[in-house]
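Chain lettering (A, B, C and D) follows the sequence in which the chains are written, and residue indices restart at 1 in each chain.
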Amino acid sequence: MPLPVRPVRSAAPGRGMAEPAIPVEDDGGRAALGARIGAVRRLSESLAAPLSAEDQQVQTMDDVSPTKWHLAHVSWFFETFVLGPYAPGYEVFHPRYGYIFNSYYEGIGPRHERPRRGALTRPPLADVLRYRRHVDDALDRFVAETAADVLRPLVPLIVLGLNHEQQHQELLLTDIKHVLASQPLHPAYRDDLTARAGAAPDLAPQLAFVEFMGGEHVIGADGDGFCFDNETPAHAVLTDEFTLANRPVTNGEVVAFIEGGGYATATLWLADGWAWVERGGANMWGETAPMYWSRRDGAWREFTLGGFRPLDPAAPASHLSYYEADAIARFLEARLPTEAEWELACRLTHAPGAEPNLLAAGLLHPAVPSGGPSRGLYQMLGDVWEWTASAYAPYPGFRAAAGAVGEYNGKFMVSQQVLRGGSCATPPGHIRASYRNFFYPHQSWQFSGLRLAR
Amino acid sequence: MPLPVRPVRSAAPGRGMAEPAIPVEDDGGRAALGARIGAVRRLSESLAAPLSAEDQQVQTMDDVSPTKWHLAHVSWFFETFVLGPYAPGYEVFHPRYGYIFNSYYEGIGPRHERPRRGALTRPPLADVLRYRRHVDDALDRFVAETAADVLRPLVPLIVLGLNHEQQHQELLLTDIKHVLASQPLHPAYRDDLTARAGAAPDLAPQLAFVEFMGGEHVIGADGDGFCFDNETPAHAVLTDEFTLANRPVTNGEVVAFIEGGGYATATLWLADGWAWVERGGANMWGETAPMYWSRRDGAWREFTLGGFRPLDPAAPASHLSYYEADAIARFLEARLPTEAEWELACRLTHAPGAEPNLLAAGLLHPAVPSGGPSRGLYQMLGDVWEWTASAYAPYPGFRAAAGAVGEYNGKFMVSQQVLRGGSCATPPGHIRASYRNFFYPHQSWQFSGLRLAR
Amino acid sequence: MPLPVRPVRSAAPGRGMAEPAIPVEDDGGRAALGARIGAVRRLSESLAAPLSAEDQQVQTMDDVSPTKWHLAHVSWFFETFVLGPYAPGYEVFHPRYGYIFNSYYEGIGPRHERPRRGALTRPPLADVLRYRRHVDDALDRFVAETAADVLRPLVPLIVLGLNHEQQHQELLLTDIKHVLASQPLHPAYRDDLTARAGAAPDLAPQLAFVEFMGGEHVIGADGDGFCFDNETPAHAVLTDEFTLANRPVTNGEVVAFIEGGGYATATLWLADGWAWVERGGANMWGETAPMYWSRRDGAWREFTLGGFRPLDPAAPASHLSYYEADAIARFLEARLPTEAEWELACRLTHAPGAEPNLLAAGLLHPAVPSGGPSRGLYQMLGDVWEWTASAYAPYPGFRAAAGAVGEYNGKFMVSQQVLRGGSCATPPGHIRASYRNFFYPHQSWQFSGLRLAR
Amino acid sequence: MPLPVRPVRSAAPGRGMAEPAIPVEDDGGRAALGARIGAVRRLSESLAAPLSAEDQQVQTMDDVSPTKWHLAHVSWFFETFVLGPYAPGYEVFHPRYGYIFNSYYEGIGPRHERPRRGALTRPPLADVLRYRRHVDDALDRFVAETAADVLRPLVPLIVLGLNHEQQHQELLLTDIKHVLASQPLHPAYRDDLTARAGAAPDLAPQLAFVEFMGGEHVIGADGDGFCFDNETPAHAVLTDEFTLANRPVTNGEVVAFIEGGGYATATLWLADGWAWVERGGANMWGETAPMYWSRRDGAWREFTLGGFRPLDPAAPASHLSYYEADAIARFLEARLPTEAEWELACRLTHAPGAEPNLLAAGLLHPAVPSGGPSRGLYQMLGDVWEWTASAYAPYPGFRAAAGAVGEYNGKFMVSQQVLRGGSCATPPGHIRASYRNFFYPHQSWQFSGLRLAR
């Protein structure tokens, strides 16, 4: 029986970028803000901690940024957009860091070329960490000492900076995964990572399709807590009836795709995808397979942040390009959902008892769900980002934020596809039903998978 | 006052690819079909007639196909999909033509590489024309002699072949324009082409924005006559209120964009667009300007199928990439319409008396509208294809046709943008409100322009 | 017994580019010059005659020039260097041809980019032929009517122009061979070409090494007739004793190289050569083999100007890159000769009775020698250009000619290797012991082979 | 008056790769060998000492190798060619290092791709230093404990390993120079480096040309001490009379070249060189100038291992490509010497009292000579490698050493040019008159300059 999707019209569809309810008029509010800043900032450093200065230095493909660069860039964001303009007497840590650690903000000025970030041995990691201290101290003072009426309107900007840093935390992990996979020695990011214990290791939930009724519904940020500008305005959409798989596509299903000749059957692929296959695809080791898979002695293994492991057929497949996701869906006689379908389903139902496999779960790899059997949807949040059939485009009535931070999302709205739901590398509090991630169709270095729709 | 858009729910949203009402049971129907085949086929040859065998030979960039190749490929389509399978005793003209003139149908087998079409001196043009005769004769016989109950279900396929040939007629013209522009001698395609006389040559309709009410409407093919599969199924969409410019952006407005520093202002551009500008854009002569513009002695001139002409500031701007169209719209404090907005507006209103500037008008270049002043929308059809903000994606419930012809549209549904409305090179009867054209955002060798929305 | 190489010191080592003994003071001399001009010019057109305007249009790789372009460029040379400056009242045929048909003379001005020569549908072939008439007529008049004391010093320049045209005659053939091989239909250049009849078709002379004494010798142009500036000055060289194979390496020996794993054995190759192999080499059809070889049903066949033929194991191997030639020599436990060794051997001895297989022989393909057994060197001239171990460099005391014609040879003196001896496509009178041809080591679209030395 | 060049025929022209007179039969000989090993090995580490692990990690262009990689690779050489095969019980430090630190020895097996050396964060520098300890200790024991009759024939191989390490010492410095120049912060390699004090800082020796008589002479390794195989066999050459400049071309002369339009005058350049200029040349910062020059506020400055400095017009120009060197020589109405001319001149005469500016001088940059005025040739050794007109080719009778070490030199003998004389970064004892260095004509990241000949 189709589940009803509650039709809601948002009272205030077109909100700004960040409206968190943090009352900075009282000391508790300031303390909460300070604590949140501290928690996010410390997490970045703890993610970098297992890595040597050398590991944090390199860039193994254009899409990858060095760990060190991530650590500095997120600090540059606070320095450039918050401290520099608003903190009286703030001294810029180094006059050239603005050039070196600007990512893509044309409004801020020229910057170091992205593909050459890996060349930056200077500043060394030690200086980057001092830079972080400098910015942390200034942020602390700023939050503690600024008058409430000055601080209040800046809270959204600070929270944006925190969310920005969280995005880079996930990138830091996927980037370093590529770095480590590029080593002939294939080291693990951390030696204490293990595949999920406790859950039946080889049993994914049996594939089932959940039905949803069509009609007019609202998607987009619903006004509770922070969101990015690209999630706004909330707006009504029409959908037909649809069904969605109760779990992401598994590694075992991708093995079936391979063994069924999926990579050799042109008619399963989009034209661009087939051209990508014929150019060699993106497998790390030149094998015709998902990015981090490697076949040895007849068995598939997979490079993970815990090093090479035997492929778990029951775990969600990850590191798939859009081209692969689309072809696999077609092979499985299904399609990718639109982002509206995905969001509606996510808002309505989630498998009870399922603790999402996000960064905080500590697995750093997709896994079978930990909860018991359910009639609902498993793993909508966490495990793998799910490619949708929707191109990344502005919502009706979208307006980018004013000023340089307005370059954050809008200028990427062409040629990319939306992904939904977060992954095993998504930081706490950084995922929600309306969250829109986006990558080019050939990219697969994220924890990107798919869920079938029909 | 907003114009009401009639909300219509199509009774039969999901039709097949081609359902033209051509009754082949009687002789009149057969004659009509034969006449239509003859008209389309003859037009292709008349478009090629002003060109030498050498002109018809070359390929000046990967996107361009030689004229000769177009002439053969459209014949191959009939041979491969109609005559070969269904005409008893049909003899394939040459066993290798299937390899040489297949464009991209993976289901048919391997084929000559697209970027090497210009190398094909063999078969010579004379053989290609004989090939056309061979196919024409076989089609004639097939239409005249096949039993009605056999022929009837094949009519949609034949009509698809005709529409396919019409698409190549437009490509033939835009491709040869690139070839001619590549000649240091800058020859005209035809010497008898002139800019529109009669119309006030320097007076575009004054820019005005027409309002449309929001609500639930239906877009997509409405069941009258032929359509491509990508126009189906007709389906309901929601739109907010919107306004649409009464005419396309003019050359004069693009000059203002250039003089206002448009090509040097990063914040006007999508990130991919700005990277495209920094790599040099796509201007034919290395100038920072639309593709076929060239500045000489301080004045802009434009390469047309009639050779170089002074730029007409009142004519619609053409040969713009999506990146340019998007940046120009932003510069003019507007945006591009979605394809739903465009289609709704097109269905509702069109400037009275305006004879659309399509191929049949004989100008082969965008021009100011010929009709008098109007409160409606000028030039929705003809003149320039209008880039929309919509990525090319399947309509809800879309299904590609079965078999190899199903590779026609669906496999291109990623990374491209929809254009609407046809151009001065679109053949008679080959444009309608629901027609969806699509190109990559960097491409500008089509007659592609834009219309502002707000 | 080593053959003595006659040590000769040239009396006049440093001559100019062209000093042919054509006495233009009397009518006979003028007539001879006119006849020679006519013969060379007519030969170019007769070489183009089997080709359609379409065949003459295209450029299938950067190294290839269209036939039509060759026909025009050699005419441009006469127009630019002879008629324009010296023929009173000469009218340039077309003001833009100087831009279109300049190959690389920086001293003359800007020019059409080499890789885009194939785009030039205009001027059409008919105009190029009219251009040739125009230049021919002007040359005729110039030779007939110019005062002897004016004409005499210009004879070397005219003769240079003729030799230049002869070089392009050979290029015309090797270029069109690439064009024809690029056709999926694999047409022949002429249908009346046959492999050599009369000679025992499968019997190459048995491989033998002829010994030469070392010592001080003179190489370089010896003052009889025309030579290019790069053959001067004649100068003394020292050589050790050496031996040279009595014939070029045969196809059969290259088959042995392939079957012996030659293309898979890194240590046989120069480092650049191995990198070239790993990138895929230069085979026309993606096979690991010489450029025009293709294996079908277990047997090798070779594309020739007469179309595909079974590989003749006894004929000299051709279309080898320097990398291949060097590796094959190493596989055969030999080396390539230096250009000095080659020239000394060539001056001393040539198999008696051997009619060289040059263009005039009409085979247009390397073949077993026509003469009987011999103790000397077969095929030093004709059949295949022989790669030497010598980099293309100026001879001691070399001076390029003054003015733009000085760009003819000297500016290419880096990164290329010298080839000696002419080929089956070399026009009559255009080869001699001192002739130095040169190509980049990866290039193989010429009739290039090798002769072993030890 | 021409200086006579003593004609010498070497008694033993064709020696092996390394025959140093180190008597290992007695303890003194063993101690000397051990000391030499220790000195070379320690120098490598002291050169790396000013650099952080991050600095030693990166690869800023394909030609550059990371410092860390150099340190490991030279150790791998000893492990692979000496310790592994000959030291009983030697344990390979790590089984994958053979894959990671093989440079190009096909005979040894597959290896990590050169352009991806910068990705190798693992092993970390600390492990590489432990690797060096491991190899050092094993070498120490091997030299101390191996029986003399076993050790004696291996001495040449050990000495080859030391010379190999010295080559990498120079590369280490030129590579790290590129790394540091790539930093937006432009750090110095060492802060204590200064331009030469004491010498008149702005006074190069006045340009003069020294004459040499022609005749038959011998070049090549003369049998005293170590040489590489490519310096053998010594052999006779013929030269004409020639003159050689008494010093290298200076920065001031290159400024004159620039101001005289040298980079804009096609006729000064080889065709490949001009194409290189038109593609943008190799300047580090996109300026039309030698690689490390940058113009600021109207004055030239130069990036050195001591950071940016004002350009010294009297110092030898360095970091020139062959294309630049050739064009500059032509601009100065001279030419580059052949390697034979260079070697003959070097053997005959050297400015008295001139202490060569090699690595040991500690300047790490070319400088005016320290000695007083002289009638002889300044700076033949040290300061800058001097491009010669000679392509890198085997000497007559050259044979590469047997086995994998035979891949050392011979397989690069195509498309490169010979440089002579060492530079300010050449280690002690690692330069001699017969030494042949070689690079591709476009490369300029070495201390490469030129000396004029006529």
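By our rule, a residue touches a chain if its C-beta (ideal position, glycine included) is under 8 Å from a C-beta of that chain, and two chains touch if they have at least 3 such contacts.
Here the structure is a predicted model, which means the values were calculated and not measured.
Asker: Along the shortest chain of touching chains, how many steps lie between chain B and chain D?
Answerer: 2
Asker: Centroid from C-alpha atoms only, then distance chain C to chain D, rounded to Å. What do you get?
Answerer: Between these chains, centre-to-centre, one finds 38 Å.
Asker: Centroid of chain A to centroid of chain D, CA atoms only: how many Å?
Answerer: 49
Asker: Which residues of chain A are in contact with two or more other chains?
Answerer: none
Asker: Specify the contact topology among the chains shown, as one of line, ring, star, complete or other.
Answerer: Shape = ring; chains linked end to end, path closes on itself.
Asker: Can you give me every chain pair that touches, using the contact definition above?
Answerer: A-B, A-D, B-C, C-D
Asker: Along chain A, where are the residues that touch chain D in the complex?
Answerer: 52-55, 57-58, 60, 96, 99-100, 112, 116, 118-125, 179, 182-185, 187
Asker: Per the contact definition, I'd like the list of chain B residues that touch chain A in the complex.
Answerer: Per the stated touch rule, the residues are 104, 106-107, 216, 235-240, 266-267, 269-274, 322-323, 326, 338, 389-391, 393-394, 396-397, 407, 411-415, 417, 441.
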